[in-house]
Amino acid sequence: MTAMRFFSDNAAAVHPAVMEALAAANHVDTAYDGDAISQSLDAAFSDLFETSCEVVWIATGTAANSIILAHFVRPWQGILCYEEAHIEVDECGAPTFYSGGAKLMTLPGAGAKIDAEALKARIAGIRKDVHQVQPAAISITNATEYGLAWRPDEVGEISEIARANGMKLHMDGARFANAVAFAGCSPADVTWRAGVDALSFGFTKNGAMMAEALVFFGGSGGAGVRELKKRGGHLLSKGRFVAAQIRAMLKDDLWLANARAANAGAQALAQACGGRLMHPVEANELFVRLSAEEAADLRALGFDFYDWGEGAARLVTSWDQDAAAVAPLAAAIAAL
Amino acid sequence: MTAMRFFSDNAAAVHPAVMEALAAANHVDTAYDGDAISQSLDAAFSDLFETSCEVVWIATGTAANSIILAHFVRPWQGILCYEEAHIEVDECGAPTFYSGGAKLMTLPGAGAKIDAEALKARIAGIRKDVHQVQPAAISITNATEYGLAWRPDEVGEISEIARANGMKLHMDGARFANAVAFAGCSPADVTWRAGVDALSFGFTKNGAMMAEALVFFGGSGGAGVRELKKRGGHLLSKGRFVAAQIRAMLKDDLWLANARAANAGAQALAQACGGRLMHPVEANELFVRLSAEEAADLRALGFDFYDWGEGAARLVTSWDQDAAAVAPLAAAIAAL
Amino acid sequence: MTAMRFFSDNAAAVHPAVMEALAAANHVDTAYDGDAISQSLDAAFSDLFETSCEVVWIATGTAANSIILAHFVRPWQGILCYEEAHIEVDECGAPTFYSGGAKLMTLPGAGAKIDAEALKARIAGIRKDVHQVQPAAISITNATEYGLAWRPDEVGEISEIARANGMKLHMDGARFANAVAFAGCSPADVTWRAGVDALSFGFTKNGAMMAEALVFFGGSGGAGVRELKKRGGHLLSKGRFVAAQIRAMLKDDLWLANARAANAGAQALAQACGGRLMHPVEANELFVRLSAEEAADLRALGFDFYDWGEGAARLVTSWDQDAAAVAPLAAAIAAL
Amino acid sequence: MTAMRFFSDNAAAVHPAVMEALAAANHVDTAYDGDAISQSLDAAFSDLFETSCEVVWIATGTAANSIILAHFVRPWQGILCYEEAHIEVDECGAPTFYSGGAKLMTLPGAGAKIDAEALKARIAGIRKDVHQVQPAAISITNATEYGLAWRPDEVGEISEIARANGMKLHMDGARFANAVAFAGCSPADVTWRAGVDALSFGFTKNGAMMAEALVFFGGSGGAGVRELKKRGGHLLSKGRFVAAQIRAMLKDDLWLANARAANAGAQALAQACGGRLMHPVEANELFVRLSAEEAADLRALGFDFYDWGEGAARLVTSWDQDAAAVAPLAAAIAAL
């Protein structure tokens, strides 16, 4: 099964270490986030990011993104993002819902990275009056929707624009682990040191069951975040079971090991794909040219993946699909 | 630890059968709700309730209540409920958030059951114009906030008023299992046969990890519920892990066995409390008169529970606290 | 007609001076609030209130109240008010709509003035956690819903509680003119000097056509108010026509003269009502005991007014109904 | 002054007939919309549009558009519109606010008319799942943001797409009068007969003071519209003064006469502009190529207008600016 599933890292199994952590957490008696596991997360992330962090955990990436953005903008303000960002096209309007009405304002960019010049032009084109929605935050995705990893200086270029215009910078890190594993930089370098105010750090796609962290850099996210979490119905009474997943993922850098495995699988497939690649392969997603006939051939062999418009497909590797595990698909593609 | 924890069934451990179901679900590869476990829930609840049901699962009771109510009312309408209902005092305004602004309109009632006469008078007192918020739904809690179980005819009395005024009837069943276990009626009798349109069926307090079901009776809840779930960030990519908890709870009526155990623990404590009881004990909550000194004495022995205003306390038993397990506390109370 | 209409000051005619101001404003060519009339309002109110004021005008009292309150609270917070306050029972949930979901939390009080002790107890009873909605503003109405005028020291008692709890204090002044005319105090004394942060100053009931002012004391209301106004569709392109009404009402204290006339009419009726009065008559509203038969008798004579529950009625005088104008009704009541 | 003001029809004076109607309405005593003038609007519009209409009046076009759209979509749905539509770029997010979060989804189109092929492609490209926002309404503007008038068959082409996809069709008619005056069709032909469900019929830019009508074709707009109006703070207590403006505008087709005058002024300018025109001139707006130097020259002569990006300007004529009135500007442009 593992050798056949390439439609989403969302569908992968939960890592055994996470399952063990859930079993261990079952011996803790405390409601809501009062338990020792939950209480330990601020320190754990502060260590990882080499700065004081305030961390709020939650079950989905959609909720993580929405709550951070709702915290950064008022209902009548806007959020600048890439035109195919997950928050724009795949969250059923959740950021607008949580923020009480904020407008997503979209921008183009190669490889799903917001283009800095387009960003500046867009901001300059907005009249500073009450008739037009004024953006108050920028959201970027790392790894991007097309599987590219942001470099610290690229993030810095965006954050400089954010700062100059009094905006907050959010990073949607549903695949943050894969991006960091590829870029080889420290988590700090590509986030707060480059000007990111808050990160949605995803674990679910990378081996957890349902666990994402809202990481606010620089001490505190400020009042309101926990109210948004509770009001959205995301405060679990047995919250220790989500905190425990995150602890397990952080322990001995399991998050990084898992991401490296998935990335290695992607690289192995990339070699097999050769000229079919539509974007450089950096994290764990491949976008490849594939005719309908070729796609049918691969599916006949049992491989499962999504079409990506006409004549193209998306392949995603997961933490349990390293280079060896993807060999059958690599061979099948090479044989097309 | 089990013998000492009486502050909330939210803090209890997860039942071993649920943990086993999670492990088993880890061998299923599908994202979102496309897996066989998730797909089986409609049929499972339809069997249990002896009618066609549409079921949506979610991680918290706050989200379950809010999404059902948001589905039943428009933003400018109201929701009638008991003045200390969980939706009114313990959900940070979540039903108003999900509904886009609906107003909670509160009513008195003995034992936290809405008083039918007060309900009729309240409805009659609302001018039918655009200046006043018009209620469109009634929400009752079973077991109630004071631990009482609704009887089918009592529910019918409320639903008759709902029907006569074109309103929907919602039941918050965070402790539905405990209520049914006490009342001895069928789940159908106290819900749709008595006029309930939708039920928040809670499993988290009764042995699950994080699992609640929105049960719509009569075939379908109608369009919009799944959009509200996704938009609220409650569509888990590995959703099978919540569905699996619910299947485990339904299997061989584990939900009923767990509730009976907790209720038995509550009855054992009730006998020890005698004249201290402020409400009849029907489900798994006890509200008892207890002086500050007596409370301190019990806490000195290691027992953990909440004060409930001055001179009173709340004791809650969980699925792992049957009559035998609560014997130490029963003895300590008797010895006060 | 004037002698017969007692159901609402909302139904009164527009004062001739206001009509003249509208005609005069028709010779000004500017869109939105860029005209000289609109620009002059900050200074005019700053003079009247003896402090620096920021003023935003709008067409209705519901919008004025809602925008001020939405500006003072975040969506997950609450607003404390009297249990029959206009914002609670007569605005179709507008303050919740504008604030993005804030909860109105109601309190009792004699004559529709919030009881200070009840207010303190209510605040003390709210757990400071994310489960319960935390109030961030208090709203009082002057004159109250039962026609009483707040004295400066009474306002001060409430504002002290607001300050001690980090809350803002709003005054709904739909009948502020009538209250000030009765109390004989300066507008400053009963507002900002007593701790009020913002006032909805109503002119529509007192001789204008559609004109209310949001008055923020102490320099500036802060960012966001004008966005709320525009977003609510309340920024009129020919806004000078509302600003002109307000200027006309302020000129030579027409607002005070009109209120005095209405109050005098109310006092004349009060003498005729004697023991029928249910509340002291201070502004321009009377609540009187009146049997169904008596009410029918008065209506048979042509008088128009609202019943106010069983055996009671509400009489409202307007700026064009001074003591002489109400003589027929006074005589009819005396003759009952 | 009239000869100099070309920056907006929003800045024009109120027509004398409207001023007279306001004076006449001052002799009517009724609150809210219970007066005879307000009650007569349904019939008046039903006559004009040759079908049964339900009409709700309001003070601004932003509110008119937002309430109709909020009535047509649920909070999690979308509204398709032209990428520079007024609702998208000039209303501070009001349609999203009123609808409780609906997403505006933009489309290109020549002359600000939505391109039918682009519309079909956009709809086809939306996955029918809960992850993507599903549009439920289409909004077109007539006259368009670039001053073009929709022909009945063009509207029909859009409405056919709307019907095929279960969507409602809204027409923003802030300058509906100018569009109808140019197209020479009946109001019915370009609205409901072409498939429009509701029209925002603007009068403010065309000689009224503050008056817009929400016109629902086919009998009734359905429940909820008046609640949205009240909840938005748009129910004026002395509402007769807005209804009276609309009656005055409809009387003897003043709306059409005013629009014809403004259009004639625009045509006179169009002749003077010749090759400078960027769009055909159909209604009362001209978009012309004009260097910074030329613009400065015209302004030095006293003419007032907006720049429209670099090297371009917008000229708008009003009801009081017919061909004769604009002669000075026409001459000045010709002399450039």
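Per-chain residue numbering starts at 1, and chain names A, B, C and D are given in the order in which the chains are listed.
By our rule, contacts are C-beta pairs under 8 Å (C-beta built on N, C-alpha and C of every residue); 3 or more make two chains touch, one makes a residue touch a chain.
Keep in mind the model is a prediction, meaning the values are calculated, not measured.
What is the chain whose Cα centre is as far as it gets from that of chain C?
A
Count the C-beta contact pairs for B-D and for B-C, then tell me which is higher.
Pair with the higher count of C-beta contacts: B-C.
Take the average of all CA coordinates in chain C, do the same for chain D, and state the distance between these two points in whole angstrom.
Taking the average C-alpha coordinate of chain C and of chain D, the gap between them is 34 Å.
Provide the C-alpha centroid distance between chain B and chain D, rounded to the nearest whole angstrom.
Inter-chain centre distance comes to 50 Å.
For chain B and chain C, what's the span in angstrom between their mean Cα positions?
42
Going by the contact rule already set, what residues in chain D reach two or more other chains?
Counting only residues that touch two or more other chains, chain D contributes 75-76, 91-93, 97, 100-101, 130-131, 227, 230-231, 235.
Given the complex with chain C, which residues does chain B contribute to the contact?
For this pair, the touching residues of chain B are 75-76, 89-93, 96-97, 101-104, 130-133.
Enumerate the contact residues on chain B facing chain D in the complex.
Listed in rising order, the residues of chain B that touch chain D are 74-76, 100-101, 130-131, 224, 226-231, 235.
How about chain B: which of its residues touch chain A in the complex?
Answer in residue numbers: 1-2, 5, 7-8, 10-14, 19, 22-23, 26-27, 29-32, 58-60, 62-64, 66-67, 91-94, 97-98, 204-205, 209-210, 227, 230-238, 241.
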